[in-house]
Amino acid sequence: MIVIGVIGSGDEVKELNTLAEEVGFEIGRSGSVTLNGGLGGVMRASAMGAKRAGGLTIGFLPGLDPAQTNPFIDIPVPTGLGDMRNFLIVRASHALIAIGGGFGTLSEIAIALKMKRPVIGVKTDILIDNVLCVESPKRAVSTALSLIK
Amino acid sequence: MIVIGVIGSGDEVKELNTLAEEVGFEIGRSGSVTLNGGLGGVMRASAMGAKRAGGLTIGFLPGLDPAQTNPFIDIPVPTGLGDMRNFLIVRASHALIAIGGGFGTLSEIAIALKMKRPVIGVKTDILIDNVLCVESPKRAVSTALSLIK
Amino acid sequence: MIVIGVIGSGDEVKELNTLAEEVGFEIGRSGSVTLNGGLGGVMRASAMGAKRAGGLTIGFLPGLDPAQTNPFIDIPVPTGLGDMRNFLIVRASHALIAIGGGFGTLSEIAIALKMKRPVIGVKTDILIDNVLCVESPKRAVSTALSLIK
Amino acid sequence: MIVIGVIGSGDEVKELNTLAEEVGFEIGRSGSVTLNGGLGGVMRASAMGAKRAGGLTIGFLPGLDPAQTNPFIDIPVPTGLGDMRNFLIVRASHALIAIGGGFGTLSEIAIALKMKRPVIGVKTDILIDNVLCVESPKRAVSTALSLIK
């Protein structure tokens, strides 16, 4: 199965959550798995969108308590690794879609690029060479899928 | 979704593989997810059994190369953690079924008991208090499911 | 520098702490580094002994807060890995000395044996082939040093 | 003991190695521990400088083989975590000095900033708010030490 990682902050920002939900919906509609960090904000919204499309969702949680996951995650993995779990999200994903910004998202993007995973940015203010920035969630998912070898 | 971890050696031992395949089949038949280390031996056989029953399979690989997974794993997670990935298998599982023995299996059992996850042993020569030893794969899976809170 | 890992429970058991302090003292006296999990019980006592002998001490803590280390650790490493940090203790040690028992100690011993590190047991009730059980702390450290290639 | 992490690429770039050696020398001269990734380039050079000043050096290696460390590391820790070991370097350091650039360095800087560790940049082309850029190795170390609470 194709796994698309969705990265972005856990802060609740309405505009970003709306984008994330559409990204998750498109991933689910394509039959791919949505993988994220299992918490709130972009993580919750993308999982919610994926479930609306009938997709499978996996969340790699920072803590040890599976109950801390959002209710749209089918398979919570309480890694107990803290932010280090970002590495696992990158490693398990065939491509990643970054929504919004922040240092956490930046470190995930840098990790993904070092591991040569395709990274597509939507509404991200992080401008790094090799991050393909697109305008719409639909375009983000189709680009991600087209870049997977 | 309920996740049952299957732990056991990667060595190819016919008797253990037969048991592992039946364990995987029963997990899949129950609608639960089969999680293991993604390689050969007990890991390959249990994933094969799970797929025969139409179940979902996840493999937490020790290395970084997803291609090293066995062909019955739907979602390979190339953790790059080496044997440390055993901790993640324990953490992500609601209950664990141990098949056979060896130091790797022993360390996983010890980790699982320390995290208070139920551990059911089938044909294991590892005798530790708190590991419930049962005779058949069917019994192992039904016991595991009954112990999940 | 030679690094000797000391493994054992964080529970305060007077008899085990006395042994651990002597083990640490002997490691320090030999000019080797004492590495442990940085918390209480056997970890605190072995670090205290090592410092009494002027040795260097390193603690791989389970949490993220370096302040949780005991005061005899020169270099606390707040791994944030939980019990998974046991793997790092094993990997960084040339040999390991296990004091007492419990599931945590058992899992560390199993990990060490799988990685082919020498393990010496003092007052441990864990009877596993390949764990050399000796009577005194002095003998434990001299045996550990003699087994390092 | 104060631990200063030195981050930078393993590529051999003469100009950066010269800076790294001076950074290591200043850390060692201050009585602090030099912590890095244990390999070549900036990691080798900073450890070499630290040893010239009589300082203690620790290397958190990506692989499992301690022999892959450079000869100036007193205590190699073969983490087996791959690039994930960057997190441990950040977590164990009171402050970090970044030399040069690249995606690996960028991800370490982002991780450090998320964990609120002071980051000082020398000759880095990575321009991020909150990274203090200074001109000389001496200034980098004195700034790092002054920022540690």
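We just call them A, B, C and D in the order they show up, numbering each chain from 1.
We adopt the following convention: a residue touches a chain if its C-beta (ideal position, glycine included) is under 8 Å from a C-beta of that chain, and two chains touch if they have at least 3 such contacts.
In this text, all values refer to a predicted model and were calculated from it rather than measured experimentally.
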**Request:** Note down the smallest number of touching-chain steps it takes to go from chain A to chain C.
**Result:** 1
**Message:** Could you classify the chain A-chain B contact as same or different, where same means more than half of all interface residue numbers appear on both copies?
**Reply:** same
**Prompt:** What whole-number Å value describes the gap between the mean CA coordinates of chain A and chain B?
**Reply:** 27
**Fill in**
Cα centroid separation, chain A vs chain D, in Å, comes to 30
**Fill in**
chain B touches at least 2 other chains through residues 64, 80, 82, 84, 87
**Message:** Using the definition of touching given at the top, classify the network of chains in this structure as line, ring, star, complete or other.
**Reply:** complete
**Request:** Quick one: which bits of chain A touch chain C in the complex? Just the residue numbers, please.
**Result:** 64, 80-82, 84
**Request:** Sort out for me which residues of chain A touch chain D in the complex.
**Result:** 82-84, 87, 103-104, 106-107, 110-111, 113-115, 128
**Item:** chain A partner contacts - residues on chain B that touch it in the complex
**Value:** 1, 3, 33, 56, 58, 64, 74-80, 87-88, 91-92
